[in-house]
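Here come two complexes built around chain A, the first alongside chain B, the second alongside chain C.
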Partner chain A sequence: MLTLVSRRLRNSLVLLMLATLLCFTLVVSAPGNIAVLIAELRTPKATFADIHKIELELGLDQPIVTRYSHWLTGALQGNLGISYKTGEDIGPALSSRLPITATLVAGGATFAMLFSFVLGFAGALWPGRFADVATRTIALLGASMPSFFVGALLIYGLAVQLRLLPTFGSEGLSSWILPWITIGLLPAAVLSRVVRVGLEEAMSRPFALTAVAKGLTRRTILVRHALPNIAPTYINALGAQTGAMVVGAVVVEPLFALKGVADLFLSGVLFRDFMVVQACLLVFISFFVVLNLLVDIGMMFTDPKLRRQGS
Partner chain B sequence: MKFLREFLSYTSSLPRLAIWAVGTFLFLGIFAPWLTPHDPNAQNLLQAHLGPSFAHWLGTDHVGRDTLSRLILSARTSVVGMTLVLVLALSVGVTIGTVAGYRRGWVEEGLMRIVDVGLAMPSLIVALAVIGIFGTGYWNMILALALAWWPGSARISRAVAVNVMNRPHIESLRVLGASPARIYFHHLLPATLGAVLVYATADAGAVALAIATLSFLGLGIQPPTPEWGQMLVDALPYLESSPRQVILPGLALTLAVIGFNLLGESIALNRVPTPLSRKILRQRRITAAAWKKA
Partner chain C sequence: MASKEILRVSDLCVDLFTQRSVIRPVDGVSYSVAAGETLAIVGESGSGKTVLNFAPLGLMPTGVNVDLSGSILFNDTELVGIAEPALRKLRGGSIGTIFQDPMSALNPARTIGRQIAEVSELHMGLSSSQAESRALDLLKLVRMSDPDARLKQYPHELSGGLRQRVMIAIAVAAEPQLLIADEPTTALDVTVQAQIIALLKDLQKRLNMAIVLITHDMGVVAGIASRVAVMYAGRVAEYGPVGDVLVEPRHPYTMGLIDAIPRADDAPGSLFRGLPGAPPILGAPIPGCAFAPRCHAAIESCHITRPALVSTVQPLVSAACPIINKHNHGGAYVQH
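Presenting the complex of A and B:
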């Protein structure tokens, strides 16, 4: 078990290193001289001396390996460089925006989990009835519907027509409800399909037949016997959907005017602010590597078959 | 003729909705310039925000452009972009995947590590970062999406290629003295390509969605070329007065993507070996019968 975890940890570290290398290469391979761009942003009439000074300042005259190690050690200490556009430090800007994205994704994930257990169980208890058909329809529609369209429809229905909720801002609980539903609706439907199909699959195994023969109630069979069987699959799907929600933040944050990390990333992309793009990409990649690691460890804890492989 | 009949019998086993949606989407995409009733970019501020009429079947937008014409021409933007992205991504992915599947050992190991890094990052984030570095523009968007999409096809084509290489006819070709180039181009590549193209159907919907998402963010297709995501974001400020302009492009995009997703799903389902599924179904019936009595 422990060896298995440590092997996974080592793999994740290697992946993270390769990913930082990719991050760095992407910015290095950018067309044009970055120093010229910055010089033009700072002063409209930059001379060659100005450009040369900025080159020295950024360390562009040093060999590429040195620049990579400098950048990496700086990033580990939270020093992610300066935005070319606004001139402010990226580290503090990122950490001030992190809570908003975290609230968005955590709220969406909570909504998705609650929704998925209620509707998944309802679908398994009464197959072919409302809950079953509804989750299947939302799962199919949601996979094909762009999230900006879902958000626009929700804004139109709940905020414009019924005037129940505010359309943007991040003050108070009510302004968070629309973003949470927008980002969590598809994950909710997908996860409830996982619960529903997993329960049905577990119920078709011989041990379920034995439990029925022993005269246990339906609820006991479902909760005590079938539910632990779907835990590894559910954790895997939850991880994938949390990742999808972080990607979804790229669309949901501008739609609801939330100033989160994804919004910073987008403004960096729009103004070709390399350092911001690089820093945000690094944050996203680290998040995904850690998420995958957590999902794998969670699956090991809940799946005895995976656990036995290690020892 | 035989080929046509086989094709028809194959399509009849797929859900009808998917065939209609994908067929309409491709038809509009190919023949769009001859189908639009009006010039999609002709502005007429006197006729802005009109409802449906005989002249403008689906009304006009905030600068008086005909919505139906713009919706139709958007299908072309989508089809062309999607095809370019898939062709680029598949040619890179299939090349890397088949080389890795043909030359096992350290070549495979090295190539697959790169693919793993590519797969660890979500496609949209990678595409956005590439656009952030190289700037916005049509070809940059195509390039960014292709860069984001190739690892998936590389992994699938490697799996298929390994499977093909283990078949007995490859071994006998080696014994007969066929050159590596002959084995690769005449036997491995065609066999892999067929299987990978089937999987690409499911990807097509996701690529169309990504193009629309990038255009929605203002980083993909640039105006005045009509595109569904961009039409939607253009109409968003007028959501309260004319919601039709927001709902129509969203609906068109959703229908096209649903078609591709259903098509991909049913193709994947046809691949399930029948004896296995029959066994699972029988077991399910037994438990379901006991289930009702419990």
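Presenting the complex of A and C:
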């Protein structure tokens, strides 16, 4: 078990290194001369000499490999360079924004989990009844509606019309509810289908008939026999949906005026502030890698076949 | 055979409604089972043995709707039309079941111990630790090696024979009066088959339970059963004490089945001697004798009138073939 986990851990590290290399290359090869941009930002009438000075200052004249290793060693020490746009250190800016995105994603994932278990289970227990039809409908609508549209609808309905919730700002828990629902609704709908379909499939397997022959009720069979069988699939899907929330955050953070990492990333892209973009991508990639590792471990714990292989 | 009758099936018909079709795989079947005895139900694959036994217990796969008519008395309780909660109390309690394929009948995500223990928790009101120790006793009862370790194992870690022992432990956990075993050895190795049959015989004696054993193996019938019902195309072709039926069958189909038993003097690797032809495909009702197309003794009237199951020259044996039996009998039961 432990050896299996440590092997996965090592793979994750290799993956992380490869991913940083890829992300560095992508950003460096993006069109647009960053030195020109910065020179224009600093002095409206920049000369070639100004631009050259900035290129030297940023180390843009160095070979790519040197620039990458500089950036990486710096990054490992928490030194993520300075923003071309503001001239500030990216490290502190990032760490003040991290909790906001983390809260957004963690809350969204929790909402998606609760929602999907309750509705997916209810749908399987009473097929064709309200919960079943509701999740089907929401899943269908959710799949065809982009999250900014969901967010706009929620803001309009719950905050503007009914004045139930604040649209933005930091008024404690209540200001988080709309962002959580907006980012979590589609994953919730997808996951409730995973629960519903998975339970139904498990109930059609022969072991479910054995459970009926034992005299158990349908509810007990769903909880004790079907649920453990969908756990690995569910954890996998939950991981994928939570990972995709990073994309959702790029839309949801600006929508609710949340100053998170995704918001920073967006402004970095808009201003071609590639140090900022790199730093944000690094955060996202680390998140994906850790998430993947957690999913692997979770699946190992819930699938007896995988568990025994590891020990 | 003076013991009390615990199961009486009378004129049972089962209709199955699926999305595509309506069929009647069980058509007017009657038999009875006494406490502590073994009734074997034999017949080729598709003759309705599984549906006959499991449809009335609500044990059909999802997506199939069942309609029953006739009567099934289990200890004076009528099972045809019984309410689901009452039926649920019987399942796993006084009626235990073993399925054909032990590889898929156990839950892959739960330990052997939990899967056995939950039956005694439910039907005997044991606490989870009491049920756990009873599960250990049950594993010993079904003669499982290293029972302590088995409790914590998962199904995929056990062989087919061991999984079938676990299934048997589950089926007898609440000490049922009736055990229904649907081809419990068909999916197993030949060497393991004999062990499982021996185990069932032993458990029957210890727990004094009746067994309905579904099989297509005449050898198994001879080894364990006291009575046998031979099924063909959803009907009973012949019914009676094993000693009589196997020694002197009164129905051409039973004769064919017995003739198909592999013998010691068969050339190694020789083909199944079997009956020529195949059983009818269920669909439109068959007006005459369902066996007629394959029967060497068939005459014209066999295709027209359905033969009833009636007593033969051996009073304890009944058969649904008036042609073979007419010369042997006074004629009172013969129908044309």
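Just so we're on the same page, the second predicted complex is superposed on the first by the 262 of 311 C-alpha atoms of A that agree within 3 Å, B and C clash if a C-alpha of one lies under 4 Å from a C-alpha of the other, contacts with A are read in each partner's own complex, and residues count from 1 in each chain.
Keep in mind that, in the parts below, a residue touches a chain if its C-beta (ideal position, glycine included) is under 8 Å from a C-beta of that chain, and two chains touch if they have at least 3 such contacts.
Bear in mind the structure is a predicted one, so any value in this text is a computation, not a measurement.
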> Of the partners chain B and chain C, which touch A:Val133 in the superposed model: first, second, both, neither?
Replying inline: neither
> Looking at chain A, does chain B or chain C touch a larger number of its residues?
Replying inline: B
> Taking the superposition as given, does A:Ser144 touch the first partner, chain B, the second, chain C, both, or neither?
Replying inline: first
> Touch check for A:Met203: first (chain B), second (chain C), both, or neither?
Replying inline: both
> Does chain B (first) or chain C (second) touch A:Leu9, or do both, or does neither?
Replying inline: neither
>> After the superposition on A, what does A:Ala213 contact: first (chain B), second (chain C), both or neither?
In response: both
> Taking the superposition as given, does A:Arg308 touch the first partner, chain B, the second, chain C, both, or neither?
Replying inline: second
> Now for A:Leu56: first (chain B), second (chain C), both, or neither, which partner does it touch?
Replying inline: neither
>> After the superposition on A, what does A:Pro228 contact: first (chain B), second (chain C), both or neither?
In response: second
>> After overlaying the two complexes on chain A, where does the chain B footprint on chain A coincide with the chain C footprint?
In response: 203-205, 208-209, 212-213, 217
> Along chain A, where are the residues that touch chain B in the complex?
Replying inline: 15, 18-19, 22, 26-27, 29-31, 140-141, 143-149, 152-153, 155-156, 160, 200, 203-205, 208-209, 212-213, 217-218, 221, 243-244, 246-247, 250-251, 254, 265-266, 268-270, 272-274, 277, 281, 284-285, 288-289, 292
> For chain C, which residues are in contact with chain A within the complex?
Replying inline: 57-59, 61-63, 88-93, 96-97, 99, 101, 104-110, 118-119, 122-123, 154, 156-157, 167, 170-171
> Which of the residues in chain B end up touching chain A in this complex?
Replying inline: 113, 116-117, 120-122, 124-125, 128-136, 205, 209, 212-213, 216-219, 229, 232-233, 236, 239-240, 243, 246-247, 250, 253-254, 257-258, 261-262, 280, 283-284, 286-288, 290-291, 293-294
> For the complex, which residues does chain A have touching chain C?
Replying inline: 203-217, 224-225, 228-229, 231, 302-305, 308
